[in-house]
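All chains are identified by letter, namely A, B, C and D, in their written order; residue positions are counted from 1 within each chain.
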Amino acid sequence: MTDLRHWISALGRAGQAGLVIVALFTLVAFVMAVVPGPGDATLASGAGQWEPASTRHWFGTNRLGQDVFARAMGGAATAIKVGTLVTALSLLLGAAAGAAVGWRQGGWVDTLVVWLMGVLDAIPFYLFAAALAFALGAGTLAMYAAMVLTFWTATARLVRAEVLRLRQMDYVASARAIGLPGWRIAGRHLLPNCRHLLLVQAVLTFVAAIKTEVILSFLGIGVRDGVSWGLMLSEATQDVLAGHFGNFLAASLLMFILLLGFNLLADALQDRDSQARPDGVRSP
Amino acid sequence: MSTVLTVSGLAVDLPAGGTVQAVLRDVSFHLEPGRITGLAGESGSGKTTVAMALMGLLPAGAHLRSGTATLHDRDVDLLAMSEPVARTIRGRDVAMVFQDPATALDPVLTIGRQMRAVARRHGVAADPGTAAQAALAEQGFRSPSDIMGAFPHELSGGMRQLVMIAMAAMVRPAVLLADEPTTALDVTTQARVLENLRKLAQSDNIAILLVSHDLRVLAQTADELLVIRDGRIVDAGPTRQVLQSPSSDWTRQLVAAVPPDPFGRGESPTSGIPGQANDVLLSVNHLDIRYHAAGIFGGRRGPAKQAVINVSLQLRRGQAYGLAGESGSGKSSLARAIMGLAPDPGGEILFNGEQLATRPADRSPEQLRRIQVVFQDPDAALSPRRSIEQALLEPLQHFGLGAAAEQAHRVRAALADVGLEDDILPRRPRQLSSGQRQRVAIARALVCEPDLLVADEAVSALDMTTQARVLALLKHLCEERGIALMFISHDLSVVAELADTAGVMLNGHLVEQAPVNTLFTAPRHPYTRKLAAASPRLAHAGPAPEISALDGLDATPSHGCVYQHRCERATGLCTESSPEAVSGANGVRIECHFPITVPADEPSNG
Amino acid sequence: MSTARYLARAALQGAALLLGVTLVSFVLMVHFAPDRTWGLLGKNPTAEQVAEVRHELGYDRPLASRYVDFLGELVTLDFGHSDTTGERVTDMLSRTVPVTLALVIPGFILGNVLGIILGLAAAWKRGRWLDRWVMAGSVAGMSLSFLVIIIALQILLCTPWGLDLFPARGWRVDGLGSYLWYVTVPTLALVTVTLGYNARFYRSVAAEELDRNHIRTARAYGASPATILFVHVLRNGAIAILTRVLFSIPLVVVSGSLLLETYFGIPGVGRVTFDAITSGDQPVLKAVVSLTAVAFVLLQACADACYRWADPRVARS
Amino acid sequence: TGPDGSTYVHSMDGAPDSLDPAWASTIYANTVVVNLYDTLYRYQYLARPYALAPNLAAAMPESSEDGLTVTIRIKPGVHFVDDPAFPGGAGREVTAADVIYSIQRHFDPATRARGAWLWRDRIVGLDEWKDAGADYDTDVAGLVALDSHTLQVHLTRPYPQFVHTLAQGYAGVVPREAVEAYGRAFGAKAVGSGPFRLVSFDSARVVMDRNPGFRAETFDLAAEGYDAGTQSGLGLEPLQGRTLPLIDRLEVEFIAEDAARWNALRGGEIDYIKVPAAQFDQVLATRKPLSLVPDLADEYAVAAAREAGFVYTNFDMSNPLIGHSDDPDRDERNRALRCAIIRGFDWEQRNERFFSGIGAVFPGIIPPDVPEHDPAQDRTSVQRDVEGARALLAENGWTAESLPTLTYGYPSSVTERQMFEQFRAFMADIGYPHDRIKPLVYARFGDYQRAYSEGEVMLITSGWTMDYPDSENLVQLFYGPHAAPGANSASYSNPEYDALFEQAAPMPPSPARTELYRRMNQMVIDDCATISGLSRTLVFMWQKDARMLPDRSFTGGYFLRFVDMASADE
């Protein structure tokens, strides 16, 4: 507990603000997921079309009479859900692959995985996502697959480089010298020491996932059934023409706040990291 | 004699994790032209801060509390210059040479370009190129134009440090600040650098502030000596006087921590525990280690770098073997091969008569347990995210030694052995000092009750006083427990302090091996002799040792004797063929076509 | 490493990468691609017609043989005609690629140059107000979605709801004037979306370089801030900078331009490719995929060459 | 304005894939193609209802008594535009052989043409010609060039719509030399004899210049069906007698996004748009009569037209979960389910929220403005009755648990998705659980077509645009043999219906035929095979400088030659 408090206080004011934002959104997402809710944001509420902003409808209603603010909150829930899943999977994959190939650097597994990373990085992302959207059919599976398959490489490269560095560390050599098996070394000495990297990477991946979800949904190859900021923005491109800015404002404002939260958090983590680096100690 | 720089009442605060730390408190001294003033002190005592304050380059967040530093020629206060004025003073009137030659020069610009830029900036000469070449020649470079065209990474550490000195000398500053200029260098190069500094002081009448934590270096070079502790000057005066009759306890402790001079001491009291010949624990036979550059697909296919070449040595129970040699000579590679951490070594390593597999995974747990290692860098010796207790338990759990209670007991016992209290168990490595960390690393090796302990530069990163304590501990273990110790260090006097038998490595070759007192009293390989001559010593103030030639960008010959370029005795034979190892009695082994024959060769201790 | 060895290695790696990219893309974009048959049929088609079209499209041939054909096309650089428009794929690309380049290059360059300037300035003034403003601005910039930026800029600059200064869409370039007229808003969008990331990246590169010991040496020998930043920091940071610049080229050109082209109705290669995917226009896809792969391989070679130029340690080892 | 003379910039919400007439399957391609190529016939510019007029043909066709032989004479002295594909580069004269070649192409598999359905089984020997290998050097018995300028067509059975097929983009006359010279790239070139010739074409726009060699034709108001009563406000009278085309340069911008299109109009980059429905409130001051808000009225002219077609949502009748079932009991329950869904559907709200309330909702598949439409038809199938729907479900044993999970397909677009959400909300009102209606989204129409042809989709959202102004084109939508992948996307199968269709199809327009069509319409309604329908009202808006009567249906491409830009005179 005191550890947590210490951790939080080390984030600094901006970082704490970021944490609060992220926590709030996560709470909203959670509530929207478990509480059978004040109404499905994809259903028309019975309200009129294009109602202006009011105390009942903070950002007005859309063409179908749906409450724009409710939909923006639903979009937040979607963003958090997509972000969580994509981040968890791509970090897991990236950390495992990165550690494995970093440990076995120079071997054929390393060669193969590095080659695979090169291949995945060489295919333009949106084309890859669009192609997957066809290969995997109409659900959201394609969106997740596209993101995870392309995002893990960044983590893997990072972890691989860090593992290569850590591998030179004497404590790793000592662990090898007593015959500790590779997976044990990875689990005990390598990955825990990549934790700071992974944490920052997690936050950055989250940001990327949210941004990508929005754009993929906008392009029609992301979320297709449900609410998403991307879908709201695609509606907005028509709405703004008729002078209805509710969709655009609600979606972009909430998205900005959430992303800002994540970025502030990432910043604080990176800062803290460069100070607390164990090798930040000066030696003669 | 006049004074060029007077520093008085210098006090500096630096930020330290939220608070401020008074790093310097009331430092006063003065520098005189043509004289070298030594500044000695332990790590963190504020030596660098003094130099940086004088350069006006204190780190961001530093607060200059008080003090003046008057540069008499220019009549400016170095501590109160505006930035534009400072730029005309820095590198012109006050120049500096830094500790780490590897990073002090811009890696992507040629030496020539960097030197010319300095010369041009300060209007040193009509033609910056000529001035730079002249300065390089002055430092003893035989082919300055080659050096001018070279990039820093193409030069050795010593050459880079000489380039830095040339850069400083080129502008003929009034004051030269040299912050640990030789700490990263091996002894032969160190001797050369110190010699050049001394010449510079004398010939150009430059006032030099020479910062070092090594009293021996200062004893040999400095005219005056300042001893600093916790940001305060605790001793000051002519060098000899300060060393011989220190006025503060602290200085006395520092002097005491200097390892005794191994050379010319006649008999060594520590040596001479001759084990029985059948008691050989470790036998390294014809070891070869190559590192391969990456192949076409990143595999190991490129040309090899030979780090260890045909090395054979033996180690008995209870014996301490000291391995010395300059950086890159292959000492660590040898240690790693013993631990099973070197890639595909050639030759064989026998432990207790059994051949050791080349990878830990293929060794028996028993073998793994019985051979333990302590590495050089205490900061890197322990996993930062695991507690001391976890670190110490890890080998016990891995080898399944004893039940939980037994393991806890062993951990405590090992800690006690290295002189640490139990209360550090829950801490993380970050919360320990370097010396404590190194002791934990040793304890970690000891919990397994090994028969062989490989200590690779286990004390090099520690300061003198801590180093002395750890050495005493190792010696104790060796003598009391009968553990065989493979002790690696680039510092000859440390090796001499601890080892029974010592070997000297050069470019992968074990060029000489002999019982310690033989080796140091009567070195037979020309390289060993050069090392002996160049080693700094507290009492030494004699003429500068002969120094190696520095020309030629590639000092490692492709065939023939590795030492041929630097050896005065080299003949055509040396360039043509590498000498075979010749073994003699008492573990004596030498790789030289023309070993020095010593009149009183035999027998000193039986 | 000898030059011949180096070249052999680069060629082999390039070929392996090329093979990988084409294989993955082929399987994804060709094998799993949408079935074009229905889009090519008129109303009320017969089963026979369906089979005919499928045969025409080569759908009835095994995947492996189609992949081999594709490799053949790649070697000869002849990708045939678009399935959708019948235009020669090479013509199509030579029509659209220059448009995309013209569209993204100003923003790309400006985003990087401004990023470098801001990053250097912030790093130099580390911890001071300039640094804080640049950092705060870049965090805000990084929190904006490209989509939001595009829509907002379009509303602000191109519609009667805003200033209505620039065209809302289109690309009718016939001279410098019209080029600027059309390229301004996309460029602004591109700069806005990249500047935050760039400034932050270049700041951290510069800050790291400024912490290096040789900078201390330079300062100790009286170097001016300009010398330090533009000679020492930039030269030493060149590898990091070049890597970022080079490897963001394919992303910006193909992926990044897609949204711009979609939103501003610009006939560039991003949109053409996206359309080719959604409609399963295989000849176009195959060409784009192999061109990006080739471009990627060339970039990698180019990056290597740049490293050799920028860092003598790489060059002379 | 263009570099030399008057330019009119048209806009469309989509782009043609290709300019090859054989590929002109979309309204976008059609609009462009008929300006680059000549068709034998076209529709009169101003006549409403639409009426045919000779174009490349010298006169209306002469039909034999039995309706099986049609003779058409071609105007002499019409030349293709100059092109390197011709020997010497000069465009040669258009002959009857070119017309025959252009129709043959649709039957040549190598062309991948899309228009063959217009003539399949209709022209003697054409299908056999294809089966024999589609060799252009062998003759087709039913396509005869009596002389270089006279064409005779032998039909297999009477085909009253045949002349209409010759007024489609598909029937554009192409020269064999160019087709063979350019091969697959022909679609990006254009070598025709139409009023314009191609300057450039890409996915963003097509640019055309006046064809200097276009046959001398002048604007004859009377021949174009001018009605002074309704059309005097258009300012067309001064154009009488002017040479066609009236403008020097025609550009068509392809702008898919409504917002961008509107901005482009307001920015003066284009001269015309079809006003997006979302915009009606901002643009229109009054709906009847149509008028613009004052801000816009100074600058722009406005006109409305009912689309020649309608939007509807079919049930996949071949799917036993919701359509025809072999089990008579299930069949009946399925019908009840479909009828309940139809009753739950709120056309009123659909019209109001998506079509600004000015679309025409009608029962069945024969929209207003089509002569066969019956204004007196029973409208219950387009009136919402939530209670009735619930009751119907309950009576037939449908409960929240037993209702099948429906897949609802649509091609990807914002509006389609919103319509889906609206549909799901409608269904929630009649007690259809939210999670039992799943959307399936397809990036391309072709892919969507594949999906519903393969039975992936149970609710098929569609729109039908009539190919020619004849109701045969409507009732064929539920003709059994046209089942998916054909136009009968519902795969509706009713032998009685099919028999009536076969009886009515060869009949020329007549009250008897009208009666048959109306009966068929009622059958579709009674079987609850489709949720239908709504005919959209299109609103066009254009710069007042342009004098014209725009159209998006049958004269959609043909009217462009009559457009005049006032600024050309200034």
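Here, a residue touches a chain if its C-beta (ideal position, glycine included) is under 8 Å from a C-beta of that chain, and two chains touch if they have at least 3 such contacts.
It should be emphasised that the depicted structure is a prediction, and the values quoted were computed from it without experimental measurement.
Should one ask which of B-C and C-D has more C-beta pairs in contact, the pair is C-D. Think of the whole protein's Cα atoms as having one middle point; the chain whose own Cα middle lies nearest to it is C. Chain A and chain B have Cα centroids lying 47 Å from one another.
Centroids built from CA atoms put chain D at 39 Å from chain C.
The distance from the centre of chain A to the centre of chain C, with each centre set as the mean of the Cα atoms, comes to 22 Å. Shared interface positions of chain A, defined as residues touching 2 or more other chains, are 130, 134, 237, 240-241, 243.
Within chain B, contacts with two or more other chains are made by residues 297.
With touch defined as above, residues shared between interfaces to two or more other chains in chain C number as follows: 16, 34, 159, 263, 278, 280. On the side of chain A, the complex with chain C involves touching residues 115-116, 118-128, 130-132, 134-136, 207, 211, 214-215, 218-219, 229-230, 233, 236-237, 240-241, 243, 248, 251-252, 255-256, 259-260, 262-264, 267. Across the complex, chain D meets chain C through its residues 17-18, 20, 23, 25, 109-110, 112-118, 120, 183-188, 202-205, 253-257, 259-260, 263-264, 266-267, 269, 442-447, 449-450, 453, 467, 476, 482, 485-487. For chain C in complex with chain B, the residues that touch the partner chain are 1, 5, 8-9, 12-13, 16, 126-127, 212-214, 216-224, 227, 231-232, 235-236, 238, 310-313, 316. For chain B in complex with chain C, the residues that touch the partner chain are 55, 57, 60, 86-92, 95-96, 98, 100, 103-109, 117-118, 121-122, 151, 153-154, 164, 167, 293, 296-297, 302.
Residues of chain D touching chain A in their complex: 257-259, 262-263, 276, 278-279, 281-282, 352-354, 412-415, 417-418, 421-422, 424-425, 428, 434, 438-443.
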